[in-house]
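Okay, got some structures for you below.
The following pair of complexes shares a single chain, chain A, combined with chain B in the former and chain C in the latter.
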Partner chain A sequence: MENAVKNQKKVNLSLKQYGMVLALIAVYLIFAVITGGKNMAPMTVNNIIMQNGYVIILGVGRLICVLSGNVDLGVGSVVATCGAVAGTLIVDYGVSSPLAMLASLAVGLLFGAFVGFFVAKLEIPPFIVTLATMLMGRGICYVILQAQTKGPLPADYTWVSTGFLPTIKIGAAADGTGGVYLICLIIAAVIAVLVVMGDIRGQKVAAKNGLPTIYTWQLAVKDAVIIGIETFFFYKLGCYNGIPIMLILVAIVVAIYHFITTQTVAGRQIYAMGGNAKAARLSGINTQKVFFWVYANMGLLCGLAGIVLSARNASATPKAGDGFEMDAIASCYIGGAATSGGVGTVIGAVVGAFIMGILNIGMSLAGFDTNVQKIVKGAVLLGAVTMDLLGKRKKK
Partner chain B sequence: MAEYILEMNHIVKEFSGVRALDDVNFKVRQGEIMAICGENGAGKSTLMNVLSGVYPHGEYSGDIIYKGEECRFRRIRDSEKKGIVIIHQELALSPYLSIAENVFLGNERKKNGIIDWVETRREAQTLLEKVGLERENVNVPVNTLGVGKQQLIEIAKALGKKADLLILDEPTAALNDQESKQLLDLMLQLKAQGMTCIIISHKLNEISYVADSITIIRDGHTIETLEKGKDDFSEERIIKGMVGRELTNRYPKRTDCPIGDVIFQVKDWNVYHPDDSTRPILKNIDLQVRAGEVVGLAGLMGAGRTELAMSLFGKSYGQKISGQVLINGKEVEMGNVQEAISQKMAYVSEDRKTYGLVLIDSIKFNMTLSALRNFFSRRGIVDQNSEAVKAEEYRRRINVKTNSIEQVVGSLSGGNQQKVVLAKWMLTQPDVLILDEPTRGIDVGAKYEIYTVINELAKAGKAIIIISSEMPEIIGTCDRTYVLNEGEIAGELRGEEMTQEAIMGAIMAHNNRKGEL
Partner chain C sequence: MKPTLKEWFGKEVTQLTLTLRIGCAVYLIYLAWELRGSVLAGDIPFLLAALAFFVIGAALGTHSLVKLIRREYTVPSSPEEEEETA
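Then we have the complex of A and B:
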């Protein structure tokens, strides 16, 4: 046994994978200094989730497109149209909230299938098809809403984006101030345990199969950093209103897509197609089918984002979702996805979305002019991708 | 100044640890035509890329002395300025631009940065006269010409760059005999006007026809230089230099490999061109392969071998496909690659980088890609454990030289990449394997290992078809071979009957038969 351990090859943790996490911490700390700690207030931390839920959802869908080696320009318009359908159904036709939400998802899926049909079956370049849906979607949205804002939307609808998980608070003063929601602490602890257990299991499996293991102290440092971030995050949420429903929704979406991309045949096929479509086809992958579902899926997530956005605004507006495709795609690329396809992770896209979110909120708190904010965001996107690519080139 | 226009001394070039060129030395005389001969993968094209600056100075070591001075080219433009112009195997023409525009592509006739169209057309016309195309209209798109004429346009383009040393890499590969003759005569004519040429070709009869000297390269070394009038210029002599060893050493013997029943049979297979439904590509093909048998598909480029393989493999090529495929005696329908895999067919493509591998992903990812759905997953979820175990097993079994199955495939040498592709298809557990140019562009050692794997597969009772342009490979590895010519089976040779002469003879006879009709 001892011998086996000695013979075990040890390797360094690949820091590259965590580079963007470090960048995330750095951005956060820089803004903590600039804003005098304002971005660490419980409400601000809560807002990072509330204001960026849709970016994360779209970022994930967009990542799937990017992995397959393609683009989707129509995201923002489709999100607006989906929200418009739900809003109109509720306000004008008195449809119940759950049904309206289903309708939004269905419209999104329909849009996605429409794009998928043209891209996969008729082999029209995605750039053209989604440019068309971008224009058509925005037009349809204005027609549905008759260029007006539909609202207000009822509480059982807006709950998705404004509600919190009901729970117990501990350590509060008699007047109800202070204290922490218990559930947040429990979640923080559970995640901590899972992270550590996951690494221990990974090491064991590697050792059993004769694959190289990673130096233990490096894993310990990595786990400490991750646990530090998530505990800080959940503690701050606990100090505010507890767990937002939005966070649960986002977590479910991220978990599902993380699973699909890392553990399933479908996920593998998407990576293979993005890496080399011709080789994928001759390896027995039905590339048309994969294409179709990539876009149908993007549509479905647009439907979800449409609900989230209209719920947060408590209304559906024709201008909603303008420029969303840019936020979503920036998240993917900041998170390490390759423009040529085949490279990228869901977690990376989420980290990318958080970086964009922290930037947005930090700059607002620091009182940056909105135009200046755009300059900074553009520069961050360019800088992140440049560093990523230069790093890769050096390795070669 | 010496009589040599070019000297290349001690050239060494490595690709990620593999020496493609190892101490190459040769000299070219002013005004001669020198041929460079060698097998596929011997390093000919690499050498020409070194000379023309595709690989900049620093990526290789050694000296290039041109017209008496040492040259250190950093890009193609540098070598072109000195008058060294290379014409690559693939045509470098922009299909929708006019002949005149193509002739001066990258070398535009201009005044103050603005293109001088009159001058462009006038000079293009002069250059066309020099290459025997005076009757072509310089204003028509270049893709309206046939391949042979396009190749001549390439030469006109080189002349436009004031070339003193013209390098032609496989210039006749895509040409028919008449077009080839025309091109070779043009070379002789240019020589008479003082041009120096280097030609790379597999067609030894053409080399004997034009060359003044022949430099032979094998496995990255210069072996010898033959001089016209001094040395024997026969094809046998050149082949001896190129191969340099007994053929028996290159192909491991297959012993204890009984040949069983017919397990793969194709009847009356017809296929039409994918873009032109009136143009037949394959006509009435009948063939059969037995268990444990290795069968060759020999033929010249464009004979339809790859097209046959791909059309059989899930109809991946062509349209209006008709005919029957029987596997283990049962007729099977294969409408796509997935179905072909399920019917236990595998096809290893001739172009591993484009059609075989996802270069940015790992060895493991690539090895299991085709078998993922059937063997490494349950309800769509990948069993990563068994995947890693199998990939590791195959890595050892076929000796992929790497530390880890997580290594990115793009960083492997050609031979190791080819082994990964083979493993990928072995993992689908096929009964019928079609290997298209399985050893193209890989070194001799790796070739031997691949032949060994092929023998093992045959012993395991698989039916194997090998497509190869290298006739010795067909002769060395196959029990039997079909000769394909212009989309038809021109002949079938078995055992001792298989010789290069017999294969070429079958092709010639078939051409003659067609000529009579």
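Then we have the complex of A and C:
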């Protein structure tokens, strides 16, 4: 027994999967220095979530599309149209907010099904179909809104993007200033415990099955970094207004799609099609059905992003969603979908979205000119491309 | 021995990687287009940046598109195989 323990093979922690997390920390710290710590303020940390929730939602949907080997250029237009439908129903027809939200989701799903039908059934290249929806969607949006901005939207609609979970504050002064919202501390503690327990369980299972285990000190360092990040994050949220509803929404979306892509047959089918669609079809996967649902799903998430964006702006605008396709694809790429050997993950897309979000907010706080911001974004993208190319070459 | 350009880009890429590279190439060209105002105003740094983005984006996009059309990509290996070769 003692020999078995002594002979337990140990391996180093694979840093490849945490490369983007380290990049996220590095970007954040760089901007902390540039902005003099402004990006560490509670309000800024809160804004990272509030202003980038839609990027994460679209990034997840975009990742599913790309994993199946396809693209969707119409994302921005569909987001704008869904927001326009919800806004018009509320402002012009007095429809209740929940119904308007359902309508927005339905319109997104309809767009997605439209694209899915042409791509899956008629086998028209996705580039062509989604280019068409990009143009049509924008046109429909302008027609619905009559080139105007519809607003203001009511509080029970904007609550999705601007509301916070009810909670109690501890440590506040008599006048109510200072203090931390309790729920944030509780969530931070729960996550810390889950992280540590997850690793302990993983090590036990590996040891039990005779598999190599990771050096304990490396796991301890990794856990310390992750717990440090999440504690900092939730503490800052707790110093502001608590947990934003947007964070709950994004966490639910990420959890669902992480589960689908890692634990379900559907997820494996999507990965299989992205690797080799012909082989996937020959192995019995109904590729038409999968393609259809991938695009229908993208449409649904566009509907959700449309709700989030119009709620954040408290209005529906014809120019909403401009350039969203770019932010979503950059999130997927920077998050490691291309640097990890082609096996993209939902978590990677989320990390990529956070990197983009921190970049955007950091540059705004630092007062960078908009053109300079574009150069920085381009440079970051070039860095990711370089890592991708170098990574492939080093493997050889 | 220095790798050739062909070896540099390598053949160990997946369909996913090529698709994303095309997306990034489009983004770089889009950024170059967005910088046209400063370029027309004659700002040299912006001109150089726009040129770099356009050239790299066009090269990356074209190369990736050609590989995608010619199906010059591999099926992703399993995570266990990736760790062994890393």
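We take it that the second predicted complex is superposed on the first by the 388 of 396 C-alpha atoms of A that agree within 3 Å, B and C clash if a C-alpha of one lies under 4 Å from a C-alpha of the other, contacts with A are read in each partner's own complex, and residues count from 1 in each chain.
Convention: a residue touches a chain if its C-beta (ideal position, glycine included) is under 8 Å from a C-beta of that chain, and two chains touch if they have at least 3 such contacts.
Worth saying up front: this structure is predicted, and the values here are computed from it rather than measured.
After overlaying the two complexes on the shared chain, residue contacts for A:Leu282 are found with chain B alone; chain C is out of touch. In the superposition on chain A, contact of A:Arg268 is made with chain B only, not with chain C. After overlaying the two complexes on the shared chain, residue contacts for A:Asp388 are found with chain C alone; chain B is out of touch. In the superposed model, more residues of chain A are touched by C than by the other of chain B and chain C. Residue contacts after overlaying the shared chain place A:Val71 against chain C, while chain B stays out of touching range. Shared-chain residue A:Val205: touches chain B; no touch with chain C. In the superposition on the C-alpha atoms of chain A, the part of chain A touched by chain B in one complex and by chain C in the other spans residues 271, 275-276, 279, 338, 342-343, 396. Residues of chain A touching chain B in their complex: 205, 209-212, 263-268, 271-272, 275-276, 278-286, 338, 342-343, 396. Note for the complex: chain B touches chain A at residues 313-314, 316, 336-338, 340-341, 347, 349, 354-361, 365, 369-370, 372-373, 377, 380-382, 384-385, 388-389, 392, 404, 411, 424. Within the complex, the chain A residues that touch chain C are 14, 16, 66-67, 69-71, 271, 274-277, 279, 323, 326, 329-330, 332-333, 337-338, 341-344, 371, 374-375, 377-378, 381-382, 384-385, 388-389, 392-393, 395-396.
Listing the residues of chain C that touch chain A in their complex gives 3, 7-10, 12-17, 19-24, 26-28, 30-32, 34-35, 37-38, 45-46, 49, 52-53, 56, 60, 75-77, 79, 82-83, 85-86.
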